[in-house]
């Protein structure tokens, strides 16, 4: 009796030790990042103003704003989305609605995993070799965006496929039994019920695309441009590359300015991700069947 | 049955109007072809990437390439006036040291966090922690590089009293913090995939919570955890901007964590802009790309096979 | 009680040597039968007799299930359904209702208007007429007429079952196949639907799979008894109940002396 309660006590103590141990590890993983983010806000916050967001860089980028970089990122993201969303959604529809479970489908899945896993600098090499040189697009928004599109294609495919597969099979069969074609079923029943899920994927992709640097360095983004891009065949500045440039390439840079750039970039990325997560939670709360 | 063949024939003919391909049928077939093209695009792109970077590096591999020099020479001096040398040994050492340190940081912390989230908390706390981890995974690598440069660098100089804070230690910690959230997510999925009946069975036998985790859950999830680690390694190996900015970018086979190094990926990022298209130097950088591609491909393939292995069981 | 159609009976459906397998497991073997135009053809039999598989094969549902394979011939209006060039066209002519009700995740109205819309009906007034008629026939109109915008997938089980019937009717099929449609529906409503089926007999051929022997007796012209994947016998329904059948197993089943 006594022995067993002693054993229980020891178990309970050990239990507590492990809980504290793993809790501490979690804290040690999360806290530094939070401290870093707070530092970014504290140091970068004062830099951010309307003039900073909507002004041009001046004095060899050591002063002024980031507007050309901000606008360039918008260009790059939009063109990349135009290429990757239709392609990614099509691929996801194929995989979820048409593909049989065979070696070919497995090959596609393997390709998707590797598109996501290949280092971004290798994507950059491909973008340079293929789009800039081989297809003769030159260093341009188009070449950079296509490189980004291929790199982030897996994000759209995976999110869309998940959303499609969340629609119960019985709905599809009910439609097919009525004589609806596969496409009519997808178009009338599957996609309308998966569209919010697709949207979460697209928002995630925006966030990924906006933050990427290596793939655009040699394909379309420039360190500094005195003019704004007029078409997709022009080069552009980009926020992510701008952060790299102002923090490593420019002598005499005031300490605060790069923090401001970093804060804007991480702000965009985290807001987009939070939006995507919020949408996903809203979706989970809303029962349609 | 009073069969009337003549009548039956006419009936049949007039009633078989469903047996022709209408517009809807052709639209369906067209869509099927379109989405199939979308599906194979992933294969086309991955093959395209491999073919293009191999093709661009081909001249180097065929003409200037010395396998021994490339892999075993520690000297990377592509712009030397006397003799260009293309040895990636020091770059591999740079990448390996940084990735190794990063894993030393990331593996215990991400597995610990995954265990904490999956087994020790639930409800709202769990949800918040998962969202936090997901957001951490989203921080762009150039921001991490900037953090290494502007926050970690002075910190390391102060704390360890060394002249330069851009080194293996800096990049390793940065890369570790970067890889940990993704590893945590995958590891947590693997732990959650262990069926509850395993836990219940062990608890019914009187095992304590920790015993259940240690003796039942961890062994059952070990493949998924291994997959998480491998993906972390792949990510660290292929990371570019953060290591470019935080390693100090000097060619070195490191002897301590305070040595500056240079990574394979960072070399391409730093030098590609200065090379003439088609020059040996340009081609050598593409050859490094092929090397990176092949290694990450193998890592991802292995991780996928391992993770899929557990799903089948 | 209901007389078999007298006109020269045209074959709506001709089944020859039908065999259905799921993997290596045989569900149906060696079924050959003819279903006439404008009759109500009942199929009775215990569980696992192959009744549902039989219906699935008619609608080419093996296309959805890689595990299911069909051998033999099913001729629909004389056309071999395995050889048909447009399987969707075939399915449009066949309405099916399975025991598990599926309300699609769209409004009740859209559920019923889906098939006409797919067939190209755009006119709002015309759609309204079709929706109301089909919901009436499925004995659901009174319950949902004030909430046609409610989600079909969130109706109660019995309502979803009738919604499924209304949807099948909205196809204006030549052949309507009902598989234990009344499981989730109360007896009074079931009777109402049965009356509608008797009327619909003028417009279409109906196959009624049921585990309620009395339901077959009430409305089927002829009834087949399925057992262990085979068709034991087919007879005018009334004969089954007056004992004028050749097979002892049929008699036992109808009279409830069956395990």
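Points to keep in mind about this one:
We call the chains A, B and C, going by the order they appear; numbering starts again at 1 in every chain.
Here is the rule we go by: contacts are C-beta pairs under 8 Å (C-beta built on N, C-alpha and C of every residue); 3 or more make two chains touch, one makes a residue touch a chain.
Note that this is a predicted model, so its numbers are computed, not measured.
Set against the C-alpha centre of subunit A, every other chain centre is closer than that of C.
Contact tally for A-C versus B-C: the pair with more C-beta pairs in contact is A-C. In terms of their C-alpha centroids, the spacing between subunit A and subunit B amounts to 14 Å.
Chain centres here are Cα averages; for subunit A and subunit C they lie 50 Å apart. In this assembly, the C-alpha centroid of subunit B lies 53 Å from the C-alpha centroid of subunit C. Of all residues in subunit C, those that touch two or more other chains are 88-90, 92-93, 118. Each of residues 181, 184 in subunit A touches at least two other chains. Taken residue by residue, subunit B touches two or more other chains at 24-25, 28, whereas all remaining positions touch fewer.
For subunit C in complex with subunit A, the residues that touch the partner chain are 59, 61, 63-64, 66, 88-96, 100, 102-106, 114-115, 118, 151, 153-154, 164, 167-168, 171. Note for the complex: subunit A touches subunit C at residues 100-101, 170-181, 184, 188-189, 192-193, 287-289. Those residues of subunit C whose C-beta lies close enough to touch subunit B in the complex are 8-11, 34, 77-79, 84-86, 88-90, 92-93, 118, 174. The touching residues of subunit B, when paired with subunit A in their complex, are 24-25, 27-28, 31-32, 34-43, 45-49, 52-53, 55-56, 108-110, 112-113, 115-117, 120, 129, 131-136, 138-143, 145-147, 149-151, 177, 180-181, 184, 208-210, 213, 231, 234-235, 237-241, 245, 265, 268-269, 272-273, 277, 285-286, 289, 292-293, 296-297, 299-301, 304.
Against subunit B, in their complex, subunit A makes its touches with residues 11, 14-15, 18-19, 21-23, 25-26, 28-30, 32-33, 36, 39-40, 86-95, 97-99, 107-108, 110-115, 117-126, 128-130, 133-134, 150, 153-154, 157, 181-184, 186, 207-208, 210-214, 217-218, 240-241, 243-244, 247-248, 255, 258-259, 262, 265-266, 269-270, 273-274, 277.
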